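Below are two complexes that have chain A in common, paired first with chain B and then with chain C.
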Partner chain A sequence: MVEFLVHVAIMACLYGLLSLSLNLQVGFAGLVNFGQVILFGCGTYGAAIAFSHQLGPVAGIALGIVFAVIVAAAFARLGRNLGADYWGIATLAVAEVLRILANNEAWLAGGAQGVGGIPLLFGDMPRPMGPLMTLGLCVALLLAAWWLCQRLTTSRYGLALKLMREEPQLAASLGYDLAALKTQTLMVAAVLAAASGFVFAHYITFVGPDQLVSSETFLIWAMVIIGGSGNHLGAIVGAILMQFLFAFVPFVKDALGLPSEHVAAMRLTLVGGGLLAFLIWRTQGLIPEHVGGKQNG
Partner chain B sequence: MISVNNVRAGYGDGPDILQGINLNAAGGEIVTILGPNGCGKSTLLKCIAGFVRPRGGAVEMEGCDVSAVPVHDKIRHHLMGFVPQTDNVFSTLSVADNIMLGARYMPAAERNARYAELMAQYPSLASKQERKASALSGGERQILSLARALISKPRVLLLDEPSAGLSPMMMHEVFAAIAEIRDRTGMCIVTVEQNAFEALGVADRAYVLSLGKVAIEGRAADLLADPAMRHLYLGGKPPVVESRPPFAAVN
Partner chain C sequence: MADAVLTAERVAKAFGAHKVLSDVRFRIGTDEIVGLLGPNGSGKSTLLNIVSGFSHSDAGEILFLGNSIAGMPSHKIARQGLVRTFQLPSMPHRMTVREVLCAGSRDGAGLLDAFSGKGGDDAEADELIEQFALAPVAHLPASSLSGGQKKLLSIAVALRTQPKLLCLDEPTAGVHPQLRGRMVELLKAFSKRGVAMLVVEHDMHFIRELCGRCIVLDRGEIIADCAPRELTKNERVVEAYLGKSVARQKVSA
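Now for the complex of A and B:
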């Protein structure tokens, strides 16, 4: 049971990183990114490509970050010519194109078969210690990401992001370069997502295109919306809550005597139903955005 | 100072909102753009500022084509100051912080010197510089917006409906402040306005738009005196119509 809880906690931390990354884009800069999963995928494929070429994990994380920054730059470039809603659709399209590319190009990282056998980050440690060390790393990464996001968004830079989100014309009239602000935000968010992907790849020990389906993006969106868009703590709480709810769906299934194939459907219902309920009854999420004065959370 | 030459502009794939507009504004004059709702006044101002890129023609400032120059570049190079239409001061920040936002890219010494100059020019703001902007009246908030745009000493000032949402007394105060800026600095000021009579009262020249074209242009005083203009574009009293019996009485 302890190992199961450690596994759930690791996944919650990794999704927490993704949720923080998306929250920085959507909650603060107003960038409606529907291609978030591909930034995560850059991290996983960085690890997979480095492993395939017998390069170490340092090369893996470096590759993942470089890929993610390139994709983020491409997203930002698209944003110069497209309105916010069209840009959101374009990011979804780019993410799907890259997923299909990863699925069909075997030379890249095994194509549809993916890459297996990626070593655990703490594989040489005995059984209870390895996962615990991974959990420690994930918690440290999450705290570092939270601190970074907090520092960024409580500074003048954060004020500029919120201004760009609420009043882009006013932001430009105060001399802010909106295109540069968007690019910087996307790049910071891309690094966070790639870090999550890299650790995920070394934890699950397998990377494949099935991990990049767009439903993953909408799961991260649900975490941000349920937790509270525009609040870092809310984004983390949303991720932890959703992950633990997901983990306990099989127990509910057993208690109700439902067949196993209902588990996936129950999880989807949980995402869709939760999202809908919060959009209707509590749009600000569990921990709302702090408006005015100094921010906490 | 500003020269708009045969500009066509619109949004997305939609039709042209501006259909070949020509406009000129020199230093030391206030030019006001008037017209009914939907005629393209705000689009023209956004086109001059750079928020909307012209589909055809050119916008020149100081003899250079600035049609493709981003807004922030014009602001940072002290070429232009822009005051948007909405209530755009930050209520939770102090008056001083609000003004300083307009100068955050300037060197500290220059910024502080300009701030001191502005405080001397606007004693009403100087006495409240440490207070939150939420404590200001509507007119004071608009003057704060003007001060924030002026701190960078722009050569051109663009104002999008500076009197929107203000009471007549505050409106008068704001227009007096705009006229004072022109007289003191010799700046080129272009405003878009709904309150035509007030705007023409301080403007030197005016352009009246209709359906994306310049319908009338001329000296503000001449336009104010023209009864046809007053009737068609400025909301002047319509001519008296012969009274008719009610519908039921006709039947």
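Now for the complex of A and C:
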């Protein structure tokens, strides 16, 4: 049971990183990114490509970050000529194109077969120390990401992001370069997502295109919306809550005597139902954005 | 007249076959407050949009402090010191009045500044809050202000950027008459500190109190460039506002 809880906690931390990354984009900068999963994929494929070429984990994380920054720059470039909603659709399309590319190009990282046998980060440690060390790394990463996001959004830079989010015309009239602000935010968020993907690849030990389906993006969106868009703590709480609810779905299934194939449907219902419920009854999420923080100067 | 802060030369703009501005030429000195008048549809807002980079002219040249700004994006023009307000100021829901004013200064608003501790207290924002009588609402979401207060906030945040030329689009629309007097005093005080102004306005009383000179547009052409008191003696101006027959009667009287 402890190992199961450690596993759920590791996954919650990794999704927490993704949720923080998306929250920085949509919650603070107003960037409606529907291609979030591909930024995560940059990290997983960085690890997979480095492993395939016997380059080691340092090269893996470096590759993942480089891929993520390139995709973020491409997303930002797309955004210069598109409205926010059209840009969101374009990011979804780009993410799907890249997933299909990864699925069909065997030379890239095994194509549809993916890459297996990626070493655990703490594989030489006996159980349960290995998973516990991984959990420690994930918690440290999540705290570092939270600190980074908090620092960015409680500064004047954060005020610029919020002004861009709500009144882009006013922000431009005051001299803010909206294209630069969007590019910077996307790149920071991309690095956070890639870090999550890299650790995920070395934890699950397998990387494949099926991990990059768009439903993953909408799961991360659900975490942000349910937790509280525009609040870092809310984004983390949303991720942890959703992950633990997902983990306990099989137990609920057993208690109700339902067949196993109902597990996936119940999880999907949780995401869709949760999203709908919060969008209708509590749009600000569990922990709403705080208007007028302690540092506004 | 002092050196020119803004010079427009032969500016023209058309939307399809409809000419909105034709051969518009004017200059604004560094110590001036100039009113920009004209009936609805005369091209005032289009001219303001072109000057501030929110639209681009089809022809002509615009010089700001001697440098060409024609075709330049709005944020770059604002960074040079030409800042504008909008006719219908829209304010953020999830930012307080004080936060909006603090965001008016880009000093310390860079990505790396977030880690250097720059941009802490903002005494200038607090001073503007006091001057524009926004202290009682400083902690409220900016979108919750009344129309008049939003106008005041939009002027205050534009002044927070320390502009060299401030372009105001109908600053008194929706503002309480008592506040208009206060606004005239404040704008004159900032003018004395070296902020030139171009004011689009319909309120003639406000224009007479504030501006030393007026430019009048009609159907995209400048029909008058004179002191506010001379406007009623100008047949073309009266005609533009009241029609030909009334203009003849008024001017001859």
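Quick notes on this one:
Criterion: the second predicted complex is superposed on the first by the 293 of 297 C-alpha atoms of A that agree within 3 Å, B and C clash if a C-alpha of one lies under 4 Å from a C-alpha of the other, contacts with A are read in each partner's own complex, and residues count from 1 in each chain.
Definition applied: contacts are C-beta pairs under 8 Å (C-beta built on N, C-alpha and C of every residue); 3 or more make two chains touch, one makes a residue touch a chain.
Small disclaimer: the values here were computed from a predicted structure and weren't measured.
Overlay on chain A: chain B and chain C clash in the combined arrangement. When the two complexes are overlaid on their common chain A, residue A:E289 makes contact with chain C while staying clear of chain B. In the superposition on chain A, A:P126 makes contact with neither chain B nor chain C. Once the two complexes are overlaid on the shared chain, A:G117 sits clear of chain B and of chain C alike. A simple residue count on chain A separates chain B from chain C, and the partner touching more is C. In the superposition on chain A, contact of A:Q169 is made with both chain B and chain C. When the two structures are aligned on the shared chain, A:Q184 is found in touch with chain C, with no touch to chain B. Look at A:S155: by the touch rule set out above, it reaches chain C but stays clear of chain B.
By the touch criterion defined above, A:P259 reaches neither chain B nor chain C. On chain A, the surface patch touched by chain B in one complex and by chain C in the other comprises residues 156, 167, 169-170, 172-178, 292. Contact residues on chain A toward chain B in their complex (touch as defined above): 83, 156, 167, 169-170, 172-179, 292-293. For chain B in complex with chain A, the residues that touch the partner chain are 12, 49, 51, 70-72, 75-76, 81-84, 86, 88, 91-92, 101-102, 104-105, 148-149, 152.
On chain A, the positions that touch chain C within their shared complex are 151-152, 155-160, 162-163, 165-167, 169-178, 184, 188, 230, 289, 291-292, 295-297. Against chain A, the residues of chain C that register as touching in their complex are 52, 54, 73-76, 78-79, 83-86, 89-96, 98-100, 102-111, 113-115, 118-122, 125, 139, 141, 154, 157-158, 161.
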